[in-house]
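Below are two complexes that have chain A in common, paired first with chain B and then with chain C.
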Partner chain A sequence: MAKLLVVDDEANIRLLYAQELSDEGYQVVTAGSALEAVEKLESESFDLAVIDIKLKNESGLELLQRIVKERHTIPVILCTAFSCYKDDFSAWLADGYVVKSSDLQELKDEISRVLAKRQRGAYV
Partner chain B sequence: MDWECCWSRDQIEPENCPYIGEGEEDLLVSQRRRIVEKCVECPRFKNDLARMKGSGYPLSDVLPYILTEFQEQKSQMGAMLSFLNSKTREIKFLREVGLVLQTSLDLDEVLSIAMTAITAGKGFGMNRAFLLMTDKDRRHIRGYLGVGPRDYEEAWRTWEDIGRSNFTLRQLARDFQKTKLNSEKVKFHDILNQLTVPLADQGHIFNRALLGKKPILVENALNNPDLDRGLARILGVDTFLVMPLISRNRRIGVIIADNCITHKPITLQDMQSLETFAFPVAFALERASLYERLQEEVAKQKAANVKLREQQELIVKMEKMALVGKITSSIAHSIRNPLMVIGGFARTLLKATPDQDEKRSYLESIVRETRQLEDVLSEVLDYSESLFPVTDFWDLNELVGKAMGELEGALEQAGVRCRMELAPELPMVRIDYKQISYCLKTITATALAAIEQGGELRIESVLDGDGVLLRVSDDGRPFTQTAQEALTAPFFQTQELGEGVGLSLCKSILERQGNSLSILSRPGGGNTYSIRLLTRKENI
Partner chain C sequence: MKAVIMAGGFGTRMQPLTCNIPKPMVPLMNRPIMLHIVELLKKYGITDLVMLLYHQPSVIKNFFRDGADLGVRITYVTPLEDMGTAGAVKCAEKYLDERFLIISGDLLTDFNLQKVIDFHEANKALATITLTSVKDPLQFGVVITDKEKRITQFLEKPGWGEVISDTINTGIYVLEPEIFKFIPEGENFDFSQDLFPLLLKKKSALFGFPVKGYWRDIGNTDSYREAHHDILKGKVGVKVDEPRREMAGVDLRVGVDVRLGEGTVVEGTVVVGDNSQVQGGAEIKDSVIGRNCIIEPGAKLTRAVIWDNVYIKKSAKINDCVICNNVSVGAATVMEEGGVVADDTAIGEESYIKRDVKIWPRKLIEAGSTVTGNLIWGERWKKSLFEGEMIKGLTNIELTPEFVAKLGCAYGTSLPKGSHVLVGRDATLSSRMLKRSFLGGILSAGVNVRDIRMVSLPILRYKLRTFGEVGGVHFRQSLEDPATTEIVFLDADGLDFSSSMGKNIERIFYKENFRRAHHMEPGGITELPQVMDFYREGFFRGVDQQLIRSSKAKVVIDFNHSPAGQILPQILNDLGCEVIGLNTYLDEQRGSKTVDEKPNSLQQLAKIVMTLEARAGFWLDPTVEEVVLVDETGRIYQPEEFLSLMTTLMLKSGSRGAFAVPVSAPSVIEQIAQENGSSVRRTKSVDRAMIEAAISPEVVMAGSMAGRFAFPKFQAAFDGMFTIAKTIELSSAAGVPLSRVLKEVPRSSFLQGKVPCVWEKKGGIMRKMSEDSLDKEASFIDGIKVSFGNDWVLVLPDQYQPVIHVVAEAKDPKTAQKLLDEYMHKVERWKKELAQ
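Right after this comes the complex of A and B.
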């Protein structure tokens, strides 16, 4: 069972993610801030992280950079309300980019695509 | 002694003197005046004087001397009088011309007066005159206007007309400007065209006259070795006057005058009179053409001002749009998260709700409405993002090909043929590639909605001045004027929220990049969307 880390500053959104992604058969761990995410990443191992770009006063893009630098084996999907970051250079580090929608299908498709790629050995 | 002449008598009868004509009857009774006016010329009187010689009269030897002297003085007086008369006429005429020239700022009026003055009998009475003027770059002297008859018949008609009228010079000039100026400009077109001479050609007679600042009378031009024989052939005369027009050392032009019809010799006096006249003409011509240029400059400045104002208005409008964009973007983002939660959980619940549960329709409504709101948000966000384009040079035809390729499915589904007429070798256009693709796709989608099954969509690209024009035409139902305005007003709703945003978004994307979108509907059916894209390097 793949283990996912979901990072979003909105509790309700974390709840929604946890609910929907568990239904898909993933093990879901949530974090409400970049700090919390880093702590969790240090104590546990994950197969994939879904990160929001706007995290209160922090930037999801910085978190993404830290992850890529320190834990390069974890693929990251950015999930955000903004479509404009797609063209941001630092967003190119992510393995996926999904615009937030009440229909989580796109996110789910992206997660399984990235995980399948990982299984083929792309991140080892 | 019996005298042959009647000089000795106080009174005479008409048959006594054959030299007294009609209207001079008073001379019959005035001996003194008769002697002075008639007898001194009379051959009979001379015979009497000869007979008197040697007759012993003491004055008889002296009288012939006195008589000869008297006649000489009389003829000199006559010549001087006629000179004085002609000078008085000339001064009067020059005064009249000068007055008009000084007060006129209109080039055509100055021309009319100058040319009428040279050719009218009341003026210098030359048969024909050509005006040549230096061009704006001061490189050439060019034929500008010719005045006069082309042949004897025309000359005769004109002289008769003028003879009948009792116009002053000013009236003649006015009449000329009103009725003849334009036709005269055309009439001598062939001759004027051949009269262009470079100002650098110092040997040419025109430049010689300008350099010497003196008129040159050319005689026997066809056989003059110093002269370009072509000029005489063009003019068709071998005697003509070349009058330089100079104002404050600036070479304004040249007047060529001749008597091509009457072949009356051009006298020194004609030349001198014309020379006096040339100065005010040159000055007035210069002033009028400067005034004309000033007017052009003023018009240019006015146009620039209007453009500046338009640009300012555009900037203000763009700033307003940017603010609208910023506000909507901020609102849209803060709506998106809660919307996602609402819609997301509704979907979760829907999945867990059995098919026959009546709550299912409520949940379905929530999901549907949320999706619609999310669509609107996406468009609103696209709109606010459109305010920050990334422009570069792109090949428009390539863009069109690619964008239309993506729409192939939609075209097929609508049953619409697409005809592309793309001009080859267009210059690159400065655009935001993604945004222009979006505009083209949005416009095509809007057009598709108007076309019926089996209709045709035409896409053309053409060069248009300093830009490229992209035209999308459909043969569907035409928009009304209100619909056209509404379609491109920001956030206007046509049928449902979201539908009208497309074109207004296109318009602001294009305007933001200094381009433009216009929509033209033909009453018979069909709409044309024209996008004008800039090829210039400067950014807006």
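Right after this comes the complex of A and C.
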């Protein structure tokens, strides 16, 4: 069972994502801020992180930079209400980019795609 | 009365039929076209002939000689330069002192020439043009006459709006010798363009006489095939040399020593030339077969024109095609209508030659090929487009803009509509040209392009591993052959295409099953100007900047005119390194250096490293993936030494994890890794297998046997620029010169050899190797590797070349040489056994 870290500053979104993604068979851990996410990343291992770009007073892109630098084996999907960050090259560090929608299918598809990509690395 | 036969044309529109013979000698019912003209003239008592030659005159002279065998007298005139039709006749003026007739040597007609001559005489004409009515006069010269048949107007090749008559000039004229007064000497002068309009202007006795009958200008290959159809249908009567053989319901003409096997099915009109064999079970319908041909059982020929010395193998199907001299058509090959195969070509079995495809002389079509376009200059048509992850071919010869555009359509069709692909190229003009064509194809399928223009492959891969694009394509000049372009295909993760991905595109390409976007929905092109910055950022994150800065390394890098010269010196300077860059400038015309220049470049690099007392030298190949290392003493490292050294340096710097190396890599790598609590993953030699291994989270480095390295912390793909920075970082961490580190690496003797081996025998060789290895410790990851304690030997068939590689490693050079020799001899012996 893949373990996901969902980082979003809105409690209801965290609740919704945790519920939906658990139903998909993932083990889901949530964090409400970048700081909390870093703490969880230091104490637990994850297979994938889903990060919102706008986190109250913090930037999801900075958190992304930190994960790439310190734990480059964890793939990251940016999940944001804004599509404009697609053109920001600091967002390109992510493995996936999903524009938030009431239909979570796109996010679910992206998670399974990125996990499959990671899984493929176990080839030899 | 004399006649002039115009036989000087090049026959350009008739290519490839006329690649080896002049147009008047192209066979029509197994006889040169011009022979039919001679027969026609003879029929009307014209036996004194002047043949006007120009192109390949000896072929015509050797055939007709003085004409005595045919009952005519021939005088040859060969102008030294192209004088135009009338100008050429002027060259024969001294032989034309009485009324004479002019006719083209590439006509098929049954006109009553006597009627034309009689008309001319009765009207006391200076010139009479023979006219006829045709359905489509656009490609001919239209002629208008008055009631007395005097010509009043000419229209050369009119448009439909200008057509005022369907009566055209047939190229058959009757002229009086006085006509020469109107033709200037030594000038290019044409009958229809210059002479006749001049006569019209001067109100000379210029007449046009319309004739009924069959008339066809055999000007192109379609017309050539249709001329045969007309003869076979009986629309025009021509002499056929082969005598008729009685057979109910069939018009069968058979030459001397012809064998028709039992069970051969013959329908319609069939001509079989001398000494040809049609074996039992073949089906021939309305076809002409030349001399010395063999048609095997099951072959099916419909409306085919086969020249001499043609071998058509079992079950081949040829429908309305022309096959020229010395051609073999493989078993079960299918040729669709309109096809032309020129001289000296071999078509492999089960090939598929699509409609209207023309194959020029001396081609080799590999078995199982599908030929969709005309094959003109290249020597072979490959049965598969892809060689691994790439398509390569001679620039503008095999990989033409139109071919590449079609390839773009096929690639675009394989991707989701509206998706994005990343496209880049090297510095050469040819790569830019072909890339632009390719983009058109992609856009037509409704797929968007992010054009990152001139960029090295590692940068393109680096962007691809992020979101946004479903694939990438890179155009570059081949290192082995500057005339060749390589198109490298990458998947959405920046990995090389797998064979199944390539096959998918090939299927679409050959079936031409393209998705064409609606006119409002073609793809768009955008640019990603920030890609370089993105790469730089990642690059800095991937190395220990502090360590490199503090070491203040001086290094020499030969950039080989690659795009890396535009970015790496700046990155290394920012990291505090002193970079002496060689060949950093880009030369679009010259392109990259070739593989032949490599040894010399390496020697120069080594000299410069020693002279400048640099820490190391790096030779970066033009693809920016491969690196050759030169240490501070000027020693040029072999790839296996570089691999062992990098593994040692990684372990010395504290990296722990798995090292991915190919089966052919030295076993000392296992020894070094195990001593340091790390492991080794053996992979296949192909780049994709190594890169896939590098994606695994445990892998800290992947290294090939060609100086290619991937450091997954930065990117899992081979990257020569990062390899250079990493080598500087690791050598700084080691704190000792590279030559000292190499001394610490356990050494073994490592030898490689190769045995030439045709494709068909590769499987047999590997079966023999596998039988030979039954009682030995063997691994089968890639080829067959047999271990003898710490020593081993690997027998590996090359994927793309007709070669078997043999690699041996042993503690001492003598044992390694013995192992290598032993297995190379074995392979040679197996080759001979398989030939028996």
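Note that the second predicted complex is superposed on the first by the 121 of 124 C-alpha atoms of A that agree within 3 Å, B and C clash if a C-alpha of one lies under 4 Å from a C-alpha of the other, contacts with A are read in each partner's own complex, and residues count from 1 in each chain.
Everything below uses one rule, namely that a residue touches a chain if its C-beta (ideal position, glycine included) is under 8 Å from a C-beta of that chain, and two chains touch if they have at least 3 such contacts.
Bear in mind the structure is a predicted one, so any value in this text is a computation, not a measurement.
Participant: Contacts for A:93 in the overlay, against chain B (first) and chain C (second): which applies, first, second, both or neither?
Facilitator: second
Participant: Scan A:56 for contacts with chain B and chain C and give back first, second, both or neither.
Facilitator: neither
Participant: Just chain B (first), just chain C (second), both, or neither: which does A:3 touch?
Facilitator: In the superposition, A:3 contacts neither chain B nor chain C.
Participant: Contact-wise, after the overlay, does A:66 reach chain B, chain C, both or neither (first, second, both, neither)?
Facilitator: neither
Participant: Between chain B (first) and chain C (second), which, if any, makes contact with A:117: first, second, both or neither?
Facilitator: In the superposed model, A:117 contacts chain C only, not chain B.
Participant: Intersection of chain A residues contacting chain B with those contacting chain C?
Facilitator: Looking at chain A, the two contact sets are disjoint.
Participant: Using the touch rule from the top, collect the residues of chain A that touch chain B in their complex.
Facilitator: Its residues touching chain B are 10, 12-13, 16, 19-20, 23, 81-84, 87, 99-104.
Participant: In the complex of these two chains, what residues of chain A are touching chain C?
Facilitator: It comes out as residues 68-69, 72-73, 78, 86, 89-90, 92-97, 117-118, 120-124.
Participant: Considering the complex alone, what residue numbers of chain B touch chain A?
Facilitator: Residues of chain B touching chain A: 333, 336-348, 351, 367, 370-371, 374, 378, 381-382, 385, 390.
Participant: Spell out the residues on chain C that touch chain A in their complex, using ranges where they run on.
Facilitator: Residues in contact with chain A: 463, 465-468, 493, 530-531, 533-534, 537-538, 541, 660, 681-683, 689, 692-697, 712-713, 716.
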